[in-house]
Amino acid sequence: MSFIDVIDYIGTFAFAISGIRLAAGKHFDWFGAFVVGLVTAVGGGTIRDLLLGNTPFWMQQSSYLLVTFFALFFVILFGRQLIKLNHTIFLFDAIGLGLFTVVGIEKSIDAGFPIWVCIIMGTLTGAAGGVLRDTLINEVPLIFRKDIYAIACILGGLIFFACRYFEFGHELSEIITATSVIVIRIVAVVCHISLPTLKSEDDK
Amino acid sequence: MSFIDVIDYIGTFAFAISGIRLAAGKHFDWFGAFVVGLVTAVGGGTIRDLLLGNTPFWMQQSSYLLVTFFALFFVILFGRQLIKLNHTIFLFDAIGLGLFTVVGIEKSIDAGFPIWVCIIMGTLTGAAGGVLRDTLINEVPLIFRKDIYAIACILGGLIFFACRYFEFGHELSEIITATSVIVIRIVAVVCHISLPTLKSEDDK
Amino acid sequence: MSFIDVIDYIGTFAFAISGIRLAAGKHFDWFGAFVVGLVTAVGGGTIRDLLLGNTPFWMQQSSYLLVTFFALFFVILFGRQLIKLNHTIFLFDAIGLGLFTVVGIEKSIDAGFPIWVCIIMGTLTGAAGGVLRDTLINEVPLIFRKDIYAIACILGGLIFFACRYFEFGHELSEIITATSVIVIRIVAVVCHISLPTLKSEDDK
């Protein structure tokens, strides 16, 4: 198991936890919570793979399913005490966001798409799972209203191609990109940075 | 028209009816009700086919569309009297669930996927249409909160591969699987068996 | 840039505007509004391309993204004054509906599908983006409850194949079809024509 695998599992675990906790808040049963957790963890990458014309990644390796199972048991066992772990889970989530963005960009480069498509795919890989999650639990998607989340993926994508432009090595570009996404995400949350909201036409 | 076709139409009809009735409860127009009925009936199989990389089954044969039309006219004509048929419709729905599960498993075996992917695809074929239906009518998916529904498909999938392991004939395995799903679904509803619910962190 | 391109951009712009305005009504931030605008504009065609097994059209040409950006800045700049443009935007939207329907039908013919699949794909291209939009902003899809919208696409599809049956030229068939969809849509709104609503079983 490589270092990347470990990070991949940590990110998957954090994403699944976020889905399962929101499902718990809606009184889903174990099966419903598992599905919401799985969709949160693999949904973004699945949309990416369908758009790219690939077989979804989680159908080729059972580890994503197993990590989601583990996340479900974790929530069942530790339940309310998870609140104490909020900072750790947030950190894991940010790490996952960084890694998933890089994975999404690279799969799109492999498929021969132009830069702007790769950046969109990186962003979908990182952020679309959360949108599917919120749709399933019948809420307005959180990332459309609050915080810098998908924007961190987009900026990460721009940084990735800037690194390539300046001919940084491949691995270095990856590390800089993932780190940038993680740092942008954390700074945005710590400093309460968010995008301007659109004014409704009904507002007075 | 083979016996399987008849069961396929019965299942499609029952699934479409469930979508159309829920659409009626939201005061959808005829077109909206038709779409919700169609999505309920063919949505699960469509997600399966997209994940497997196949052309969606309903695009290759117009019968699913025709059965959904028939279901729409049936609801328009008989409307409130359908309540008297609730038991029959429930039975048809369970039969559809059993058949769709088997179809989903077999299409995945044909596509060369491992057992656990086949079981997921069988479950998606049976249960994902209802999730899409609930998303379209803007409700929290019913199967995430109540009853044994998708779990019946999963258990059916396990039974299917157990039958294969013990080298039962192909048709016999299919019949045992579909029957198991139907029986599990009916027993769960009759005996009010359901999965445990996750506790919300806000609960006192 | 051909005449068709201009119409395509006008339609994309109008669809994106409709998504962005509804997102503004839900107090989405700029990113969220952009995503909803993009999904409204390209969502229908994306579903069509996935069902047909094609690479989504907007991944092959960046203009759709650029038009959506332009629509976002337009809404940010002119905001509430857009209400005065409601008639123009409605007209642009109807023009887009007509064009998108024709594009969807032709792509399906190219992919070798039968007439009824082509009509469904034309309808999905025109109308499914609005359904995805309403799902993302967590509302019941508007086109399932009000007005003649998707029905205009279906009638347009029937007219297209009638034109072909009578051996009208290809371009003439396209123009007649797009015009029919636009006229049907406008007449339906002006004359308040809508489909019957299904009665709920709970109604007294």
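Letters A, B and C mark the chains as written, and numbering starts fresh at 1 in each.
Note that in this section a residue touches a chain if its C-beta (ideal position, glycine included) is under 8 Å from a C-beta of that chain, and two chains touch if they have at least 3 such contacts.
If you're wondering where the values come from, they're calculated on a predicted model, not measured in any experiment.
If each chain is drawn as a node and touching chains are joined, the picture has every node linked to every other. At the interface between subunit A and subunit B, two copies of one sequence, fewer than half of the residue numbers in use appear on both sides, so the contact is built from largely different positions. Averaged C-alpha coordinates give centres for subunit A and subunit B that are 30 Å from one another.
Within subunit B, residues 50, 135, 138 each touch two or more of the remaining chains.
Per the touch definition, subunit A reaches subunit C in the complex via residues 50-51, 53, 113-114, 116-117, 131, 135, 138-141, 143-146, 150-151, 194-202. By the touch criterion stated above, subunit A contacts subunit B in their complex at residues 20-21, 23-33, 35-36, 46, 50, 55-56, 59, 62, 65, 75-76, 79-80, 82-83, 135-138.
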